[in-house]
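Both of the next two complexes hold subunit A, though its partner changes from subunit B to subunit C.
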Partner chain A sequence: MTEPGSARAQGGERPTLAFRIALAQRAGGIVSPFFTALLAFFMGGLVVLFVTGKNPLSTYEAIFKGTGLNWLLPWETCAHPCSAALSLQQTLIQFTALALTGVAVAFAFRCGLFNIGGQGQYIVGTVAAVQMGIWFQGLPSALHILLAAGAAALAGALWGGIAGVLKATVGAHEVISTIMLNWIALWVASYLVTFGGPMQDPAAGTEAVSRPISEGAQLPLLWGSRLLQGLHVGLFVALAALLVYWLVLNRTTLGYEVRAVGFNPEAAAYGGIDVAKSYFLAMAISGAFAGLAGAMDILGWRPRLDLTFVQGYSQIAFIGIAVALLGRNTAVGIFFAGLLFAALRTGSSTRNLDPEVFRPELANNLTEIIQGLIILLVGAETLVLYLLKSGRRLRRRGET
Partner chain B sequence: MTVDAGTARRRLAGRRLFTTRLLAIAGIVLGAVAFWIALPPLTTRTVAAPIAIGIVAVACGIWAASRKERRLGWGAAASGVLGIVFGVLATRAAADHLEAVVTWSSLVSLALVYATPLTFAAIGGMFSERSGVVNIGLEGMMLMGAFFGAWGADVTGSWMGGLLLGILSGGLLALVHAFFSIHLRADQIVSGTAVIFLAYGITGYLYNDIYGDAGTPGDLAAVPDIDLSWLGSLPPHDLGGFLESSIGQVSLLTILALALVVLSSAFMFKTSLGLRIRACGEHPRAADTAGINVYGARYASVVMSGILASLGGVYLSIGFNHSFTEKMTSGRGFIALAALIFGNWRPSGALAAALLFGFSTALAPELENVESWAVYGTLFQSLPYLLTLIAVAGVIGRTVPPAAVGRPYVKQ
Partner chain C sequence: MASDALVLELRGITKRFPGVVANDGIDFDVRRGEVHALLGENGAGKTTLMNVVYGLYRPDAGEVRVGGKPVVFRSPRDAIAHGIGMVHQHFMLIPVMTVAENIVLAKEPTQAGVVLDYEAARKRVRELASAFGFVVDPDARVRDITVGQQQRVEILKALYRRADVLILDEPTSVLTPQEASELFQILRGLTEQGMSVVFISHKLNEVLAVADRITVLRRGRKVATISRQGATEESLARMMVGREVLLRVEKPPASPGEPLLEVHDLRVLDDRRLEKVRGVSFHVRAGEIVGIAGVDGNGQSELVEALAGLRRPVAGRVVVAGRDMTGRSAREVLDVGVGHVPEDRLRRGLVLDFTLAENLILHDYDKEPCSRLGWLFPDRILRWAAELLRRFDVRGGGPRTLASALSGGNQQKVVLARELGREPRILLAAQPTRGLDVGAIEFVHRQLVEARVQAKAVLLVSLELEEILSLADRILVMYEGRIVGEYGPEVQEEELGIAMTGGRPVVEAA
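Moving on to the complex of A and B:
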């Protein structure tokens, strides 16, 4: 048996195939996340079967129909206006935010930090985007969008940076500080838009809603119409973010340092890397991605900030955690995991799920259970690796 | 006897460090005083008083911060600034409104109410973390206790049934966390987060399925209150009256929480079982070598933490609110975790921290009653979270977590 390290030494500059396979298997490869998702869905199906007595397959089929992904199937025909197309637009809108928050969580993860604060960073991002969208009326559209998105990313970076600074200077655990920052952001944003708050729209009476952003600050649409919440160009921002994520991590000094700290902070410090700086930067960049997700939602399809959005709807960054974990913190993985969760969310939403088959408010919670199972199983990669390893050991015993 | 120069210098430095620290602590206290004097019973009306005291506090803080006592020093400076801001605001508010806000007896009783679930969960967290397993999932275990407590009380018609079912559910969820973090050696933080999501999903699912829009029934069996109104006859009269109106009616679970502080403290630090649990959290290999069953101790401790955390949840649903709503724990599990750290992984410290957070939670809605502050109502809701953040940032580094906490143990 050869150690991966010795294989590398023999192979020189280019790692050998054996080394790469060993590395992939050590990380669980693509098999284990796939297996994990499947297992989670299976267990979710058991829940459906035993708790409600409904047929899990027809439930999943209804959820699938609700996602609009059937629009892509060649044999599906669709009348005009096509409801499958509308659902698919919703799925892709969700994907935009989920991919961005997933990248946010993953970036911090690569530095060994668990950023549960995506939610707070997302909320301050929406606040900044709305405020910038309201100010600077009459600015050229492209400039206005850039300004609003930039401000949102900056706000998110600051919010995440607080946790980073606390971690780097006094060693406060980022999980606790980011959770607290989530709640602070939630209540501050709620205050801003409730009646009497500085951002509340006087024209809306006592309703807790901000003024809408100016038309010029709204993102152009790719597909569908503004009235029916069409798909906006934020999709490309999300895809670009995935690319940037990969580039920064794998092709820059910053990314190298972040990963080194993530692997082993003591060794990184010994190697001359400023660990405190890496912690701060990782949290700030992570926050910037989450803030950008907030900007995309505000500039793309939700031009005003209201209380239900702040307090209820926006669980988006929490799902980002599951996206990052299932995607194993890789760009490609986040892409697929983001798509999966976006589909799950849209498919089980009140609007899209056929209530005859399954009650949507239950399906929402089913999605949450599946999400919990996925995180649980992903966290326990030893389980999968143990199975893989014991299989290999058996085979080896057969050879000798 | 001669003392060499080095020792003398070190002694001197030690004494100077001590005075600096003392001054910094005095600064923190002064910051609080700056706010306090503007409140009843003193109700200072001059703006100058809180400003003057606050400035002294800031000065103390900066002086200490410039002499290597950074954390406490800046804490004192921040406390001084906050004292000035709130003190000045309070002096500008009408005095009779302040009376309405700051009725100390109601604040104390509410602080106890809010501190109870935190105390349960924090002590639960102590069991888990002392044995070497981080338990982020306290939030989820509380939520399970809250839902199954309410459901159990509804189904069995008695609060005892609710309590039993509640702690059973919390214990089971903790068992999942224990299995994944001990046997499968999953990242304990990830596993804890997963457990929270599971609890969100399970309780939300069952709540919507069983109760739906109507909510839990209004006549849920509730955990009884203990009548302590005889305290009112205690001399002196003022004290007796204060005690009667603040803690004359206390929930059974609050009493249990206070008893638990003493009991768990004795268990953890005075018994051999407690010593074994702590050994597993400090140096599992040594504990294993000494013949302690590390896995067993960790399993028992994590399940215990789930049981205690769910007791806090039971209190929330059938001890205090008399209903269940989705995600009603709203971050209390995390605040409990902060209280645990703040209290240096000790029950008494956790209780003190829980009382502090409970007090700030109780104060938040009261502050809305101040006429000119009503607009900021929603903003005050963030007060306990802000305080937790400051507390965690301020004390961490001074506290010592169990050495092996968060690290899975591999038996050899």
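Moving on to the complex of A and C:
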């Protein structure tokens, strides 16, 4: 009896990619992300075993030691200067950026949008933070930080908002527009800091680097020293962002609208929700989180913007996609997924991995293999669930 | 005519799906030359049983016999080889091909083994059609013919493959009353020539009109097989639902008040920018139910969407309780007291991944008491939801249950609870009982009558003529975007049917 409706639904707008992934993920429950990660490590271990002939278990153990997480274990003793503590600081610094970019991707996801533009939004965030940090010398520190971080979030929101407006008005697909905005941000920022660019530091000769931000704009340290790139208070900003993310989604009318649109835009419109407005707001808020991630890195440990940072390090925002996917777009999930990816990146870095056990440059690749596997498996899981579901749908059709 | 020879027998068929027994030890048989109706509510297991017969499912237990011999079907191909044909609810025709091409598909007459012999195909189709008294044009393209004709093509396709048992799954759901009675004629012609028909339906009047014997299923089990003689709609409904069902809607005489919804010369385009509503004018007064009858796709959906603020009309006016609401947003229309039961509850009426509480506040989440200054109050929302669910007797879940977990009937109750719980002055009900079973339909009808008693203006759009006839105080017939007639509730079904297919020019404007 429902044929006319379903036939029309098929002819009409198809559910978005983000929507379908979200749907399949909810079906998987809490077990599958653990399983997904475990399977990725297992397959990574096979690569280690068959390609290098090394023992995967001792390799993973060395990577684990490189993350500094062993510092938390009560039986570990630590000489001074404690290398585990230093590593853990790096892990938590990375966690800050990954949690924020993960929240950015997840927020858009919940509105049915796939924000691939985290990198661009992160870059405009860093540019805004650097510029604000250079200007307003002598401002009280707290105010200066707030100003720089706020400007970065706003810049990210603008950058994400462009894609949102395009989606809401002319229906331009957000995946395409955010990717293009990434390149625009990347090359504009590159121009700004290269020799001859308006933000390039004349004192640095021809080197492509901006002037450093003033000391007052730097985030206070929680742990460690500035010289050894200690852990800054941005960690709390990231944790607060996770809380804000949960609160906005579940306790505000804005979050209600975003989720309604993400689940079913037609029903949302029927309920009186302005779907176009929700698309814009979701992209802008998503961009704000990514922009904030950029600010935390600039104000926290990287006080000047240079070309390698713009063109290389900014790719950390892409890992935010993996964090959101593995974390199922939930605050708790993003926390753990963010920690996992941060630990992987630190643990396998050249600096932290014991070269006796596994060659660090290979370990770096191993990390990327595991990252890739997790994304692949999350995708495959979506596919498997999708197949299961269409099987179920076929059978259900028979019952009516 | 029916003889006692059994062409098809099912013995103790059991089919389980995860968490549900769709068929539980069902016996069923078909005699030569009879129409055997399979009656039951949605989910009673009718289609599952026939899919077992057609080789789409393997039964977990039980036996299928054709002509007395046990058979095992691994696929529909096996079933077809044993003379069983099935016409599904969704037609499986290729729109761009001709009738003849569709009929011979997969068993084409060929020249030299490779080239389609179209002349032979045409000839074969003509012979077949005249043998069974069908009227079809073999050269017409399927996309150009009516749904009723497409159904005949499906039946011919089965006959071409030499079926002697024809299974029809809810065949009238897409037909007008005229087309349905033509179908019954065709079925009688088939049985006279010794064919047997299994007629799956949940409509009581049809089953009584066409069947020789009736088997009633309820929740996967067989209730009984009875002869049509002596069966009544009431007795069949009781067997289907398992309790007494009020088939006729009891309603007090209408006492309409002032017009609450006025529509003047409304014109609306569809998504493809075709004019689907072409100058419609009518009004609905407080305390009356106005029914809009019509074949699906004649502009009813677009009309309702325009009234609900979901589609901007290109011309005309919509006045709600004296206020011009033409082209206003859905939110504004909702806020002046319009309730809207949308025609597709799964696509639009509910957010299936939301809880029932979240669904119940879909129109009012941003108002007190649900929220203030953008901050939601979950406790108040849950309390409000619990009260509504109790008032509207929603079963199968509480405020925190996901909407997708409910049965269709209960989902529709949730939609009604939301729309009527806001105490609207005007209720737009688009196909409010589509896909529901008898018990749930009874509930929806009572709610609509209750809304009328409370002096609300009710606009009922339905494809079910019976529903319109039993509920509406005035009936408007919509055809190709225009209202082609207004009738009182005593009008004959046939007269409406003729108007619905454009058989009559504009009688009077409402």
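Annotations for the structure displayed:
Simple rule for what comes next: the second predicted complex is superposed on the first by the 352 of 400 C-alpha atoms of A that agree within 3 Å, B and C clash if a C-alpha of one lies under 4 Å from a C-alpha of the other, contacts with A are read in each partner's own complex, and residues count from 1 in each chain.
One rule holds for everything that comes next: contacts are C-beta pairs under 8 Å (C-beta built on N, C-alpha and C of every residue); 3 or more make two chains touch, one makes a residue touch a chain.
Just so you know, these numbers come straight off a predicted model, no measurement behind them.
By the touch criterion defined above, A:A322 lies against subunit B but remains apart from subunit C after alignment on the C-alpha atoms of chain A. In the overlay built on the shared chain, the residue A:L39 is in contact with neither subunit B nor subunit C. Applying the stated contact rule after C-alpha superposition, one finds that A:L239 touches neither subunit B nor subunit C. In the superposition on chain A, the chain among subunit B and subunit C reaching more residues of subunit A is B. Contacts of A:Y256 after superposition: subunit C is touched, whereas subunit B is not reached.
Judged by the touch definition given at the top, the superposed model places A:N264 against subunit C, while subunit B stays out of reach.
Judged by the touch definition given at the top, the superposed model places A:L49 against neither subunit B nor subunit C. Contact with subunit B, but none with subunit C, is seen for A:M180 once the two complexes are overlaid on the shared chain. Of the two partner chains placed around the shared chain by superposition, subunit C is the only one that A:G272 touches, whereas subunit B remains out of contact.
Contact with neither subunit B nor subunit C is seen for A:L222 once the two complexes are overlaid on the shared chain. On subunit A, the surface touched by subunit B in one complex and the surface touched by subunit C in the other have no residue in common. If you check the complex, the residues on subunit B that touch subunit A are 71, 136, 176, 180, 184-187, 189-191, 193-202, 204-206, 208-209, 212, 330-331, 334, 337-338, 341, 374-379, 381-382, 385-386, 388-389, 392-394, 396-397. Contact residues on subunit A toward subunit B in their complex (touch as defined above): 47, 51-52, 114, 116, 166, 170-173, 175-177, 179-184, 186-188, 190-191, 194, 196-197, 318, 321-322, 325, 359, 361-362, 364-376, 378-383. On the side of subunit C, the complex with subunit A involves touching residues 17, 20, 22, 42-43, 45, 47-48, 51, 56-57, 89-90, 170, 173-174, 271, 296-297, 308, 310, 329-331, 334-335, 340, 342-344, 346-354, 358, 362-363, 365-366, 371, 374-376, 378, 434-435. Within the complex formed with subunit C, the residues of subunit A that make contact are 1-6, 8-9, 12, 23, 26, 250-254, 256-257, 259-260, 263-264, 266-274, 395-400.
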